[in-house]
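Sending over a structure as structure tokens; questions will come in a sec.
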Amino acid sequence: MITVSIVGASGYTGRELIKILFKHPQVKIAHLTSETYKGKRISELHKGLVSFIDKKFEKLDIDKVAQDSDLVFLALPHGKSQKPVAEFLKKGKKIIDLSADYRLKDKSLYKRWYGLEHSYPRLLRRAVYGLPEIYKEEIKKSSLVANPGCYPTGVILGVAPLLAHRLGDGNSIIADAKSGVSGAGRRLDIAYHFSECHENLVPYNVGEHRHTPEIEQELSKISKKKITISFTPHLVPMDRGILSTIYVNLEGKVSIDRLRNVYKNYYRKAPFVKILPKATFPQARNVVETNFCEIGLMVDRRTKRIIIITAIDNLVKGASGQAVQNMNLMSGFRETEALL
Amino acid sequence: MITVSIVGASGYTGRELIKILFKHPQVKIAHLTSETYKGKRISELHKGLVSFIDKKFEKLDIDKVAQDSDLVFLALPHGKSQKPVAEFLKKGKKIIDLSADYRLKDKSLYKRWYGLEHSYPRLLRRAVYGLPEIYKEEIKKSSLVANPGCYPTGVILGVAPLLAHRLGDGNSIIADAKSGVSGAGRRLDIAYHFSECHENLVPYNVGEHRHTPEIEQELSKISKKKITISFTPHLVPMDRGILSTIYVNLEGKVSIDRLRNVYKNYYRKAPFVKILPKATFPQARNVVETNFCEIGLMVDRRTKRIIIITAIDNLVKGASGQAVQNMNLMSGFRETEALL
Amino acid sequence: MITVSIVGASGYTGRELIKILFKHPQVKIAHLTSETYKGKRISELHKGLVSFIDKKFEKLDIDKVAQDSDLVFLALPHGKSQKPVAEFLKKGKKIIDLSADYRLKDKSLYKRWYGLEHSYPRLLRRAVYGLPEIYKEEIKKSSLVANPGCYPTGVILGVAPLLAHRLGDGNSIIADAKSGVSGAGRRLDIAYHFSECHENLVPYNVGEHRHTPEIEQELSKISKKKITISFTPHLVPMDRGILSTIYVNLEGKVSIDRLRNVYKNYYRKAPFVKILPKATFPQARNVVETNFCEIGLMVDRRTKRIIIITAIDNLVKGASGQAVQNMNLMSGFRETEALL
Amino acid sequence: MITVSIVGASGYTGRELIKILFKHPQVKIAHLTSETYKGKRISELHKGLVSFIDKKFEKLDIDKVAQDSDLVFLALPHGKSQKPVAEFLKKGKKIIDLSADYRLKDKSLYKRWYGLEHSYPRLLRRAVYGLPEIYKEEIKKSSLVANPGCYPTGVILGVAPLLAHRLGDGNSIIADAKSGVSGAGRRLDIAYHFSECHENLVPYNVGEHRHTPEIEQELSKISKKKITISFTPHLVPMDRGILSTIYVNLEGKVSIDRLRNVYKNYYRKAPFVKILPKATFPQARNVVETNFCEIGLMVDRRTKRIIIITAIDNLVKGASGQAVQNMNLMSGFRETEALL
């Protein structure tokens, strides 16, 4: 049994964390903080939880949260996590940071893509990138886990086996991703008004989305060489789910059967990755409200390309479910606890 | 040929006005004002108009607008129209006000439901309620038309013939209305975030929506007695359209055939009202992007009630289309010009 | 621990039953039948269950199902349940029938509204109407439960306390209901094509929906007099959820505080009914994917009416969740097992 | 003034044709045929047209249609157009065929991708591919125009200038396309049930969609060499609109300014193609209910790729609007008549 707190609990990832943790038999929630909604009942903000939890959002008090928690989730905007992470760490707490602040190992990349100096560059090295399918052992031993971005989760899981086995050309990777609107967060911006998103389809940050260097960092590690990719996100008129359609030039020849075996073997210890049957591709609905990542594969002989399609729920495997999966590993619980 | 301007042209009703007026062969647009977006190209804000119009929003300059316009549309928030209406009127301009500021004849009602004093109570009497199906002749002669609210348009058109012919009990009227989200306007409010409206259905202002006194004022006039109604609006996860389901206790007996004839006769000179065939009811889609109001009727012998269902596009017949219909009447144009 | 089977498991209520029962610690699923999809893996049809269950749909074999099951759920179309219910009953099985076949006590009403003769009129008397908030004790002892319709669940729960306490006029009840499209079932009909439902709002069976006599039967029982109501269903462009807006003329006077107390007291032993705070009304999202029924109340002094708004998930409290709640009661399990 | 008929007028492309032609000042509609709905009023099927047209669907009678029409639109399923096209042609009629039957010049490709023999291979050569931005002069002189598929329209318009100017590698083209559900047509298939499409995102025919050879045929012509492309369509939960995100490897160097100029120049006589400002990309909404194709361009120096995003309305520029544009050219009318 551990006690946890959520710092920045009023957004959609906060809501999902609460929902999942509430069902977790070995977790007790201590504090839920929100600067915007402090004093407000969480049931007023988070519809559908009304019946379950009767707590109020509190203003963040680092000492109090640290004193009452074994592990702290931070679901703050990018840039806002740097300092509290350092402070909680100094107080000996385990931390899972859902922001991008501790994902990039290279502080100059962080500066370039997020426009911010990093005040704790030494901690960047200490942070473990929280993708359990790749870093399970490191996560188990870590006290600072940088929870991956939603798009990177879908794209990295989609191409990791291919690159690890040198079956595709890493620099030919094109990832065309489509996300539900909840991926933008509970943000006041006219772009997310129902009447602007509904019956619409919107490409954004074309060629310059901040998740690009995160994906490249991890794919470069797997490939053991510098990888540059094309990544284009689109906003789709649905609430949840990310579908990533990924194109990679084949290196040599591979049959679809061998390819599927390579993937199945690579993920044999990954309880949340499903390799779909031949000629079957994931749909967003398959994974919504689950922590699964479904992967469909095709070898296109006409174009000598491999097409990989992955689907995750952006708020679960792409954020809060993955965070709980990381917590389970860091706490010695069953990896799938509260997630199946 | 007349020249018109739109004051407050950046909202959804502004956008629809521009779209309709652009197609109008006898209208030239002079100024489009917006305090929030002044200096911005309208094509940046209003998607889909990019190809048509290359104008910028301007700050409101009453003298300039008055000088360059024969007729002014005001699409400002409630309360903000009072003064500019008075000023444009003083300068001899024709005005169509899409706000609620000149709809209620009784300034104490305005105060009670809108929480504001009315600074120009004498103009209230001068304003004509811009529902052409009822006030066509008055509108033709008026220089100040108060364009009806979206809900009142659907409800009043639905019950006017019934009350005029004393076939139903005015005080038994229950109007249960369902609107697309564009009815809320282009407003920054978390309640209209895609992820809050989508896959949701939200009753609001139950028993206390501001359109209630507007409906009651008009129904009382038609009935020649004070009418009090129940009116409940709901937000539906679609962009456009209002469906009003209206229940009225029968007074005496009436067959569905006679009822349909009463309605058809009442609206024989109304080019935008369609009485649907027996046992047929309107759907929102039937009228979207049109200025029509469709009406379906049922006489329910089991409950001795008449059920009336009306559908309009909240942004067209419920706002900008109706405004242009009024402009056509005020300017001596064909009533349906640019609207068919 | 009991073993159950689902007859007609390929529809949306079948899918939800599987999802809920799969999480139930005291239930094992024996057979899932479907005439249309027999031989097909359920994971091919029911998206999102792919990871959980690896069973195939079977052709219905009553002997085999009876032999292997303690309790049988029937999720067949109306009219198709009459016979298998009788047969399973003869074999001593407990039955929860999700069709309308055993809901109406009066076989002439069944004939009139469903157009079918009832071949087992004696069983009609034996069947218990499966609304646990009203018939909990009868359900516990029954072996044949007729699971209520989705609309009746929302409407009956909304007005039962009012009628039981004679606070409203039963014959003034107007229930205006709005449902997500999954309520129509997984049916091949052009009316449910995405492009027909999306960005649309459709009233249907106005004044003649088959759920009307079911609601009237139950309300008449509670009122101890014959009740006739107006009931109008609408199809809303969302997948799940029913919102019922109900209008009742006040009898005498009642304050909102007293009214809320009456409701809270009436449902004090009902774990799935929530009476919302004053001036608060349910939204569809609040209850989606839950077995809750939320109720918001208003006393409108202007019109001397009570307005009641209820929300349920049509597939959970309106069908499969309620069926499991009934199963829990019939089997001596905790009423909320697998439903919280 | 010409008289036209629509063979197969009950689908969504039929409905859009009717809507556009109804507004066309130089066109009179003679016959609307439908085998499925013959005898039915078109207003019963096509919502929103109820007020405009009071015609019935007729059974196809080739002699009668030919006698009464100058030009015939065929909106039949693939394979069903072969014969009527040949017969109308023999009778000297002008024809615009919206099916795929006369698009591919190579009958063996038609056989391979559509699984059908072509009975009129000689007519294939006579048919002009109806993309006015490329074949305007040929269309003007033709009496048989094969109207392009929706996806090919968006993809070909997106890369034609690039290939014509040898700025990109034709065999590196990856087109990732996303379409609204109306693209699937008014078809009875459970895959298009609202509850299956809504809140979902579905890739389909991955690597093997029938529009692939059509795109390759046209791009090969422009490039003057054989082009093979990757094309992946996805179904998005919206009604209308196609967004195509296209990736091409740069050949040599090109600045974004030069690239935009190349495109603007290539389309200088194309009234429906809009090259968006730098760093601006189209959204589906921009073009819905219009005949425009919007194109946004990016030169990505990091990856040495050009990213092209195009948007069209699948039912207008992707089908019926383009058909009317072709009719205008074939009939000597203004190219934009009824389309602006």
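In order of appearance the chains are A, B, C and D, and numbering begins at 1 in each one.
In this text, a contact is a pair of C-beta atoms (placed from the backbone, for glycine too) under 8 Å apart; a residue touches a chain by one contact, two chains touch by 3 or more.
Owing to the predicted nature of the structure, the values given are computational and were not obtained by experimental measurement.
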| item | value |
| --- | --- |
| Identity of the chain that, by mean CA position, is farthest from subunit C | D |
| Counterpart interface for B-D, drawn from A-B, C-D or A-C and sharing over half of its contact pairs | A-C |
| Centre-of-Cα separation between subunit D and subunit C, whole angstrom | 46 |
| Subunit A and subunit C, separation of their C-alpha mean positions in angstrom | 38 |
| Length of the line joining the C-alpha centres of subunit A and subunit D, rounded to whole Å | 39 |
| Overlap residues in subunit C, where contacts from two or more other chains coincide | 196, 198-199, 237-239, 283, 285, 288 |
| Contacting residues of subunit A [partner subunit B, same complex] | 12, 181-182, 186-190, 192-199, 237-239 |
| Subunit A residues within the subunit C interface of the complex | 47-48, 50-51, 198-199, 274, 283, 285-290, 292, 294 |
| Contacting residues of subunit A [partner subunit D, same complex] | 174, 176, 178, 180, 196, 198-204, 206-207, 228-230, 232, 234, 236-241, 243, 245, 247, 281-285, 288, 296, 298, 300, 302-303, 305, 307, 309 |
